[in-house]
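Sharing a structure below in structure tokens format, with a few things to ask.
For reference, chains read A, B and C in written order, and residue numbers begin at 1 within each chain.
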Amino acid sequence: MTVLASGDERSVVHGDCIEKRYGRKRVLRGVSFAVPRGGFLVVTGSNGAGKTTLLRLVAGLAAPTRGVLEVNGERGDLGFLGHEPLVYRELTALENLELFGRLYRVADRRERSGMLLERFGLWDARSDRVSTYSRGMVQRLALCRALLHEPALLVLDEPFTALDDDGAGILDTELAALAGDRTVMLSTHDPARVEALATDRLVLT
Amino acid sequence: MSSRNNLPLLAFATAALLGIAVALALLVAPEDVDQGVSQRIFYFHVPIALTAYLCFGLGAWKALRLLWVGGERRDLESYTWIHQGTIFGALTLITGSIWAKASWGVWWSWGSNQLVLFLVLFLFYCAYFMLRFSVDEGARRERICAVYALFGVALIPVSFFAIRLASDFIHPTVFTREGPQMTGTMFGTFLVCWAAITLLAYVMYRIELVGKRTDANLRELREALS
Amino acid sequence: MSSLTLYASDVVALARKDLRLELRARDTLPAMLLFVLSTLVVFHFALPTGTSADAAYGLLWIAIVFTALLGLARAWAPEREGGALDGLVLAPCDRSAIWLGKTLAVLVFLTAAELVALPAFALFFAPVDLVAVAGVVLASVGICTVGSLLAAMAAASRGREVILPLLFLPLAIPLIVGGVGAGISPQGASYLSFLALYDLVFAILAWATFEYVITE
């Protein structure tokens, strides 16, 4: 059962013996972990180990079949980056950020969007539809959307996917700036890249 | 669970009560003056219809509880009640059709509001099963099915109303089932039949539930062993 | 901003997004318009000469319901494509606003189709009076209210194109009764109040349960 409650407890995310099945297929089995406030948890594991599923559970997009999962914070405190970009393909980058900024209650969404698009190198493409973007550009926009409302808890599923060296560099800088201040949960198949930032590690088998 | 042990006993009692109900309906209850022997199907048709409503209602109640407090066992319970409801709904259509043939000479009459309502409900709950089998098993399916089951109980009174309204312009009601007042024996027979069929639905529900749970437990055991 | 105006602005923003997408891609509304016109022409050939206007009126309702289904089948396609629905689910807004926004957008499309269908029907078959138009309006609200929720259910299933009509038609029967009754019965008002009752009951139900359809 996912418990969403505000309150200053030691760990922001706490999972105990989490199990998740999709139909007859068991994806996660007995996963326990905790992320302290300001912690940086790196989730690794081979393909199909359930990294994506675990992060979707933490984000509240799916519910565990068994076990306890507590996420301390309100719904809008969470920034999620998934396999899919979670944006509208036929809207432009600016229109997407305007819409999501409104729904995520970002007061200064125009300035925030502009700043993020600038930082992720999408400013020149801001008025193009997302469907015309390359995969790397879509991933950059997805990162902008996840960071738009300055979430206290960031849940990032393979954030380096499809990014070129330039984009990965921007993300490195961004993560370094956020680490310590925000709580981060990140899955990757290249843990060396975020080794310096990691405070906790979880290996799924 | 101790309640599982009384199931054979309950099933036996239901069979006995059903036997009594059949005997009462066929042999003891007085013959209807207007409709003759065919009227006796009334003792089964109406209780079966009422039981179907009850099953749909209980299915929706379990669905509401599922949404309210959660618990995957409620999904199975809701599904099983609706399954029973659909079986009794189909029986309502069959017995109603037989009655229509016996008393009006046609197998189907749009003039019978109850039959039309059951046809609509039958279609609705068939769609429920289609929905259930085309969504992957899991929490999402439990919730979607529960919401659809809730729409079902809202549809029952709304359709009832609609069919009453429609009969004004589609087919003026010529036939009526309201014969002379039921005598005491008739009413008593009706009550016994009603009790027997309600009990039958409950026993069938319990049996199906036990079967489904055994299935699930076996599957889990097999997985744990592999 | 009070919570009600905030809710309303969410709904408007979501509905406007759907209209903007439609203006850009034009993949639903033109199809609905053409479909409703084609259906009316088909009906002319399907109805034997000398059939009463009442029969034609019944067919108008079949045209409306199936045109609505055409639009509803694509209603959640933009949300499905980029996983945008997850983005909406995670937002701290009230989830029923997502349903209401979609309902309004679909209602705009359906109204546009009816603005073509009703004059065409009056031209080809039989005159349409004010009570009949009121019936169309009320029934359309019901169609979109229920339809947008069922379309979200169907979108979560494997056979989404096939399953939506199966889910929708049993629930549409009362609307057809009300709509046809308002058009041909002398007691049109009672059918209109029945339609209003349907809208109210199912709007409350859909508003309260939509959250469960899109979350776990």
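Quick notes on this structure:
Here is the rule we use: contacts are C-beta pairs under 8 Å (C-beta built on N, C-alpha and C of every residue); 3 or more make two chains touch, one makes a residue touch a chain.
The structure presented is a predicted model; accordingly, all values stated were derived computationally and were not measured.
Under the stated contact rule, the graph of chain-to-chain touches is complete, every pair of chains being in contact. Taking the CA centroid of subunit A as reference, the farthest chain centroid is that of B. Taking A-B and B-C together, the pair of chains sharing more C-beta contacts is B-C. When every chain is represented by the mean of its C-alpha atoms, the one lying closest to the mean of all protein C-alpha atoms is C. For the pair subunit A and subunit C, the distance between mean C-alpha positions equals 36 Å. Mean C-alpha position of subunit A lies 48 Å from that of subunit B.
Distance from the subunit B centre to the subunit C centre is 31 Å, each centre being the mean of its Cα atoms. In subunit B, the residues that reach two or more other chains under the touch definition are 136, 138-139.
Each of the following residues of subunit A touches two or more other chains: 62-63.
Counting only residues that touch two or more partner chains, subunit C has 215-216.
Those residues of subunit C whose C-beta lies close enough to touch subunit A in the complex are 9-10, 13-14, 17, 20-21, 24-25, 78-79, 81-84, 86-93, 215-216. Contact residues on subunit B toward subunit A in their complex (touch as defined above): 70, 136-139, 219, 223.
Every residue of subunit A that touches subunit C in the complex is listed here, in rising order: 59-63, 74-76, 78, 80, 82-91, 95, 99-100, 102-105, 129-130, 145. Note for the complex: subunit A touches subunit B at residues 1, 21-24, 26, 62-63, 65. Subunit C meets subunit B in the complex at residues 146, 149, 153-154, 156-159, 163, 166-167, 169-171, 173-174, 177-178, 180-181, 184-185, 187, 190-191, 194, 197-198, 201-202, 205, 209, 212-213, 215-216.
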